[in-house]
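Dropping the structure in here first, questions after.
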Amino acid sequence: MIHSHIKFYIAASLPAITPVIAAESGLADLSLRINNTWLLVATAMVFMMHLGFATLEAGLTRSKNTVNILFKNFGVLALGILTYALCGFGVMYPDFIVGEGMEWIGFSGWGIGLPEGYDAANFQTGEYTYWTFFLFQAMFAATCATIVSGAVAERIKVPAFLIFSAIYVAFVYPWLGSWTWGNGWLADRGFHDFAGATVVHSVGGWAALAGVLVLGPRLGKYVNGTVKPMIGHSLPLATIGVFLLWFGWYGFNGGSVFSADPEVLSRVFVMTSLSASAGVVSAMLWSWIVQRKPDLTMMLNGALAGLVGVTAGADVLGVRAAIIIGTVGGILIVICVSGFDKLRVDDPVGALSVHLVNGIWGTLAVGIFSPGHRLGIQLLGVIATGASAFVMAVLIFLVLKYTIGVRVSEEEEMSGLDLGEHGMEAYTGFQIFTTQ
Amino acid sequence: MKLIVAYIQPHRLNAVKQALFEKEVVKMSVTTALGCGQQMGYHETYRGADIEVNLLKKIRIEIAVNEPFLQTTIDAIIQGARTGKIGDGKIFVMNLEDCIRIRTGEVGKDAIG
Amino acid sequence: MIHSHIKFYIAASLPAITPVIAAESGLADLSLRINNTWLLVATAMVFMMHLGFATLEAGLTRSKNTVNILFKNFGVLALGILTYALCGFGVMYPDFIVGEGMEWIGFSGWGIGLPEGYDAANFQTGEYTYWTFFLFQAMFAATCATIVSGAVAERIKVPAFLIFSAIYVAFVYPWLGSWTWGNGWLADRGFHDFAGATVVHSVGGWAALAGVLVLGPRLGKYVNGTVKPMIGHSLPLATIGVFLLWFGWYGFNGGSVFSADPEVLSRVFVMTSLSASAGVVSAMLWSWIVQRKPDLTMMLNGALAGLVGVTAGADVLGVRAAIIIGTVGGILIVICVSGFDKLRVDDPVGALSVHLVNGIWGTLAVGIFSPGHRLGIQLLGVIATGASAFVMAVLIFLVLKYTIGVRVSEEEEMSGLDLGEHGMEAYTGFQIFTTQ
Amino acid sequence: MIHSHIKFYIAASLPAITPVIAAESGLADLSLRINNTWLLVATAMVFMMHLGFATLEAGLTRSKNTVNILFKNFGVLALGILTYALCGFGVMYPDFIVGEGMEWIGFSGWGIGLPEGYDAANFQTGEYTYWTFFLFQAMFAATCATIVSGAVAERIKVPAFLIFSAIYVAFVYPWLGSWTWGNGWLADRGFHDFAGATVVHSVGGWAALAGVLVLGPRLGKYVNGTVKPMIGHSLPLATIGVFLLWFGWYGFNGGSVFSADPEVLSRVFVMTSLSASAGVVSAMLWSWIVQRKPDLTMMLNGALAGLVGVTAGADVLGVRAAIIIGTVGGILIVICVSGFDKLRVDDPVGALSVHLVNGIWGTLAVGIFSPGHRLGIQLLGVIATGASAFVMAVLIFLVLKYTIGVRVSEEEEMSGLDLGEHGMEAYTGFQIFTTQ
Amino acid sequence: MKLIVAYIQPHRLNAVKQALFEKEVVKMSVTTALGCGQQMGYHETYRGADIEVNLLKKIRIEIAVNEPFLQTTIDAIIQGARTGKIGDGKIFVMNLEDCIRIRTGEVGKDAIG
Amino acid sequence: MKLIVAYIQPHRLNAVKQALFEKEVVKMSVTTALGCGQQMGYHETYRGADIEVNLLKKIRIEIAVNEPFLQTTIDAIIQGARTGKIGDGKIFVMNLEDCIRIRTGEVGKDAIG
């Protein structure tokens, strides 16, 4: 360990024979070094979003399903990374060379790895290595699957969820993503989705909607025309989750700059912060007016609304637009959370209001506020991506429904998926009312 | 006056409350409990080791009633709680000698409702 | 996304026509790039301190007030960022150009934004961009408000807290801060407060003291001359909080270097760690002696004492001084927590002992241990800043008290602010004694 | 604060008189700046692992011992940093100049600090400063001690644990570590342990085994030949812990590159992620088969198994090897957790299966999968380091056992160490069955 | 011997304990409970939906006493618990047939105190 | 029929269950409780302030039995719970007037077991 770095250092400083050339290539080398390191730090931050999702979703659901939701969120991260490595990455970025080193899996061309003689560092852009790019993308892919987890919580069978996630991350998400990020037809038309309000969040949101519709509402949620709230069991967990998501979003949006360019990167950080803050304050005030008391869970979702919304255009929007996007997002949350309930669309954690609705809103907002982009194209991207995502998600869920089944038995749902699916309790020893 | 103690399945509480409300029995006290009964428990594994779980989650309801309400109350509890499966629970009835409303100091039958 | 970086890269490497000049400007560009990226990472780490405060304060208070404290800490972050953007930043750094792009708010010169033709990147110092500097400062401002939250917990009305925080972040904190950091009169006299032991922590601590005094102790805390402990409901939450605060402090102190200068930055990291560690160990031993058992909550506060203490001089102090500062800080905690109770100053989370007392101690310690600084000037800074902060905080709280009221009703305090202010419970389903 | 950076900036850009030389030295300066900053960020990430350990171990033990485990994990971090500064660092890196500035402690040559005239920045390698190197190493040292904490949980006396940790961090860990990392005899023979699968994790694991054997199993764990599971009280806490550990591992492995070299660093990130993911999936499937339900706690340990395993060779292994290491690790977890129970080796949190078993497996795997390394040498390193660690740990524990005693009284163990050792409850007000 | 079961407001527990201690009733057992009584509950909103909360947090105290202490104990509970507001709670009195101290095996009146 | 209520030390629950099972008393209901008894509590400090802890963690067991089982059950509880130290707990016995099995509607002696 203590020796190993020395060779790298020498590599960087030795070839000083022709100083000017050395300085030139040294500059490029250092530039790569900075940008790549930032991107890896950003990757680790996006990783934290998965803990954020896990705790947020656990907090907003009932204690009898907590092990299950932690399981799903943790499992889908691992499964997502592996699936994306095996196949998703190749689908999403057709121009990247992949496939060497994994022929043993049975399908040449799949998997990740550099062919002999290629250099990960100066692989394509000179701003980051092949490996960095893969991992950052893999974290995004897993995020998309995690969004579904919360919406289908408290009733989906574990195998159904895992299979759905694997297929979605392996094929659907990367295929749709390639339209915008893989030099596809939406990119060609000028569709702008900076860090994935549509490509990640809406695509996840549409799958969540598909899941919710195929599964139906939780038992006892809508009784005789009234909505029976099923209250989340731990708001500290939920709050921890949103803080971590916000933290991770600096990596999610900041990493999407794909370099450490000071001007752009710092703008992205500021716009992200302002939009999130505006989402919090507007959801707070709006829920205060509508529900007569300021609702913590609405504020938490409000922050996420602002974050999702600004994701589409954090690189091209100004202070005013960021604040407006967040403010509208916060209000949308309060409206949509009850709105979906009125439509009997049962989304335990507000994933649809956050990721789907605000993913759409944020993507359109780029067309509204950024002079360089057209609302029509933005709308096209939203519709094309959304419709495809929804149709495919519904298809997968329906196939699962009529094969292995998607929903746990009534009895299991009543006693909780923790006992039913995992034979475990989240809080052993605690005396807890599991009457809901 | 009688004191009714009922152990029911947690997820039947709402139905029991509903059934009681319909019979205008609106006063009750509820706690969680672990119960061991005919439902002999089940086996689980935790980190590879076997666990015998024979204390299952139950809800304990305590209701003080005047005699005329006794049967109605019992019936309402049964109606709300019965699923026909093992584990539905038990109702116990005891004699209640006195009842005092703390707020007013009322005693006996008047204090119960 | 995949394309967008290319232009930045070209910008950095293309103008290689006159190599030497290119190397020169390339070096400056890369230097900016590194420093700016570090500062943004540090900003995200300071963000985490807000989660730290939220969980620490929630953990050290009772479960019936948990939603409320999470609400306050989450809300004040969002409100703080927005308020600081709207006005605080302009007050604190009068030399920075602000105000363009936000005239719509109604007061020209307020808000943030760069005038046409300015370049965020090389805005002033060449070490970081305008936007980076703003956001880092905004996180600090919100920190100051969050400190108050814990001390006034379990009895303050939500509107009163939010209004106080907004005013404090918008005017008081930045105005006092400008004396030291905005090229003000204390800076001129050589007052040294590296990362804000006085400017942030004491200023927050004085406001906390003002709030505590105006509010009075919690019901049932001091009965017939004895202190009735009101025990925090979750020490895991509290412990998570302190770990996160310590983590965030690397960004708080490390970012305050305002560059990635290796020598200074690494010293700051080490001194921060040593002082915190010394605070833990000394609070542990001291509480072991005084209370006959080692007290986890004292250790947690002890870590914070060391962190606050070293904040004033982490850039100029050595190993020995850092350890002494932490050691004294840990002892101060154990003494002051009971001491404030004896004075019937009811501070549920120990915010006064941590931020106020150790903010003062740390600032003075610079005068004691650093040859380049004078104790007299340090004392002057402590007194001038402290007195002003305290007087203004008392004034604001008194105005609030006699207008909208600052304290919840007795009944609400008994049943908990979660139900009273928010109509929500933090732990739905759990059987919890709320007898205190 | 706002002024202070200016001098550093000048230092970096001014000496441009002879441009070529300036560019040369500027490049070296910037390279140092990047690498050093990355290493400090990695240090902060490793710091987070301590929160990860604290929450994981708290979650997997019973609520009556939660304060105690938090105390131990928090205290050992502080104690570890101080002890390592006082003496461990000097033992581990005999070639580094230490000892100045701490003579007051009573033993010249101990402590940390730079002699007059030395420059921390270009101290040895030019890739990071003296201070950075120390702090990164100190975090590792504390990690080693923390591993023990979980295995001996729920029955060890606080003073015994603290004294053991201090001695282990001060002498044993650094001495054994110096063989591999301090230019010692194992390094000379080509033993490869990239980031410490043996040097940190196994060394911690052997100490854990020693502690477990000397202490004996918890009361009531093995009754009449059957294993009575003692179920962890909070799986959300445990899950948070593993997420944080995974996050921190990016710093643990990534920092061990000891530079921001893009190629190596990004490979290390990817291999770390793949191995962890494979560990999760394989532990999930394996526990599903063996226990008939997928076990969240096994998955959590499975992730750690993958992480520990890949730690030995993340810099030299490929995609395939990383996935195999994780897969085997996940299966090892499920087998070993029950296996140790069958041997009546009572390890409440699975620390032995994770750190000891997978530390060994990962170290050997380097010999299997990396062409440049020999299995024989790897085995030699495992045995030499392991045997020495175990013998010394047993010795220390035995001395403690026959002097101050290592195990709490039966009565205290029954009512919980939180009351016995600390006079505090972790969850005040919650109604909890403490019947186990 | 009698068994007294009292439901009180959580925050009156300290006052009740105090009042009992003054009357030298120092033995008791306490649990949390949810209660539904005259205090008909209240409405809340959670994420925009209406919740009817009619099970309020209460404290359940169980005290076994010998007859001579019965009235004193009841009075002390009332003294500590009464605020005059709805929700103050109820006291139930049952006959206690036997009482055994596990440690010594004492039975009856001697075992209670 | 009798209703037995026993307060025991939490960590004796397993032993009590074991002892009861051996006597074929397999039905019971268990809750947590805080108890104040001869064990007069102890003093702690929290953040430097003194706390008088006099409500200690206990387990409350409720068992309905037919008369013939009464003594066996009591003996089994004592056997499982006794350590000889203060705080071992108490057993209370009340008359049970009726018992209904919710699932089948059986009443009285048949419903208990």
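Letters A, B, C, D, E and F mark the chains in the order given here, with residues in each chain numbered from 1 onward.
In this section, a contact is a pair of C-beta atoms (placed from the backbone, for glycine too) under 8 Å apart; a residue touches a chain by one contact, two chains touch by 3 or more.
Since this is a predicted model, take the numbers as computed values, not measurements.
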Between chain A and chain E, how many steps is the shortest route if every step has to go to a touching chain?
1
Could you say what rotation angle superposes chain C on its sequence twin chain D, using C-alpha positions and rounding to the nearest 5°?
120
Comparing the two chain pairs, does A-B have more C-beta contacts than C-F, or is it the other way round?
C-F
Distance from chain E to chain B - Cα centre to Cα centre, in angstrom
18
When centres are defined as mean Cα positions, the distance from chain A to chain C in whole Å is 30
Distance from the CA centroid of chain C to that of chain E, rounded to the nearest Å?
45
Among all residues of chain A, those touching at least two other chains are 20, 23, 27, 30, 34, 37, 41, 231, 234, 240, 291, 293, 295, 297, 423-424, 430-436
Among the residues of chain E, which are close enough to touch at least two other chains?
31-32, 34, 45-46, 94-95
Pairwise chain contacts under the document criterion:
A-B, A-C, A-D, A-E, B-D, B-E, B-F, C-D, C-E, C-F, D-F, E-F
Per the contact definition, I'd like the list of chain D residues that touch chain B in the complex.
226-229, 231, 287, 290-293, 295, 297-298, 334, 337-338, 341, 350, 433
In the complex, go through chain D and note every residue touching chain A.
20, 23-24, 27-28, 30-31, 34-35, 37-38, 41, 45, 62-63, 93, 125-127, 180-183, 187, 193-196, 231-236, 239-240, 242-244, 246-247, 250-251, 254, 256-267, 269-270, 273-274, 276-281, 284, 291, 293-297, 299-300, 303, 315, 318-320, 323, 427, 430-436
Could you pull out which chain C residues touch chain A in their complex?
1-6, 8-9, 12-13, 16, 19-20, 22-23, 26-27, 30, 32-34, 36-37, 40-41, 43-44, 47-48, 50-51, 54-55, 58, 66-67, 70-71, 74-75, 77-79, 81-82, 85, 101-102, 104, 111-113, 119-121, 128-132, 134-135, 138, 158, 234, 237, 240, 421-431
Complex contacts: residues of chain F adjacent to chain C
34, 45-51
Partner chain E, residues of chain F touching it in the complex:
2, 5-8, 31-38, 40, 54-55, 58, 60, 74, 77-78, 81-95
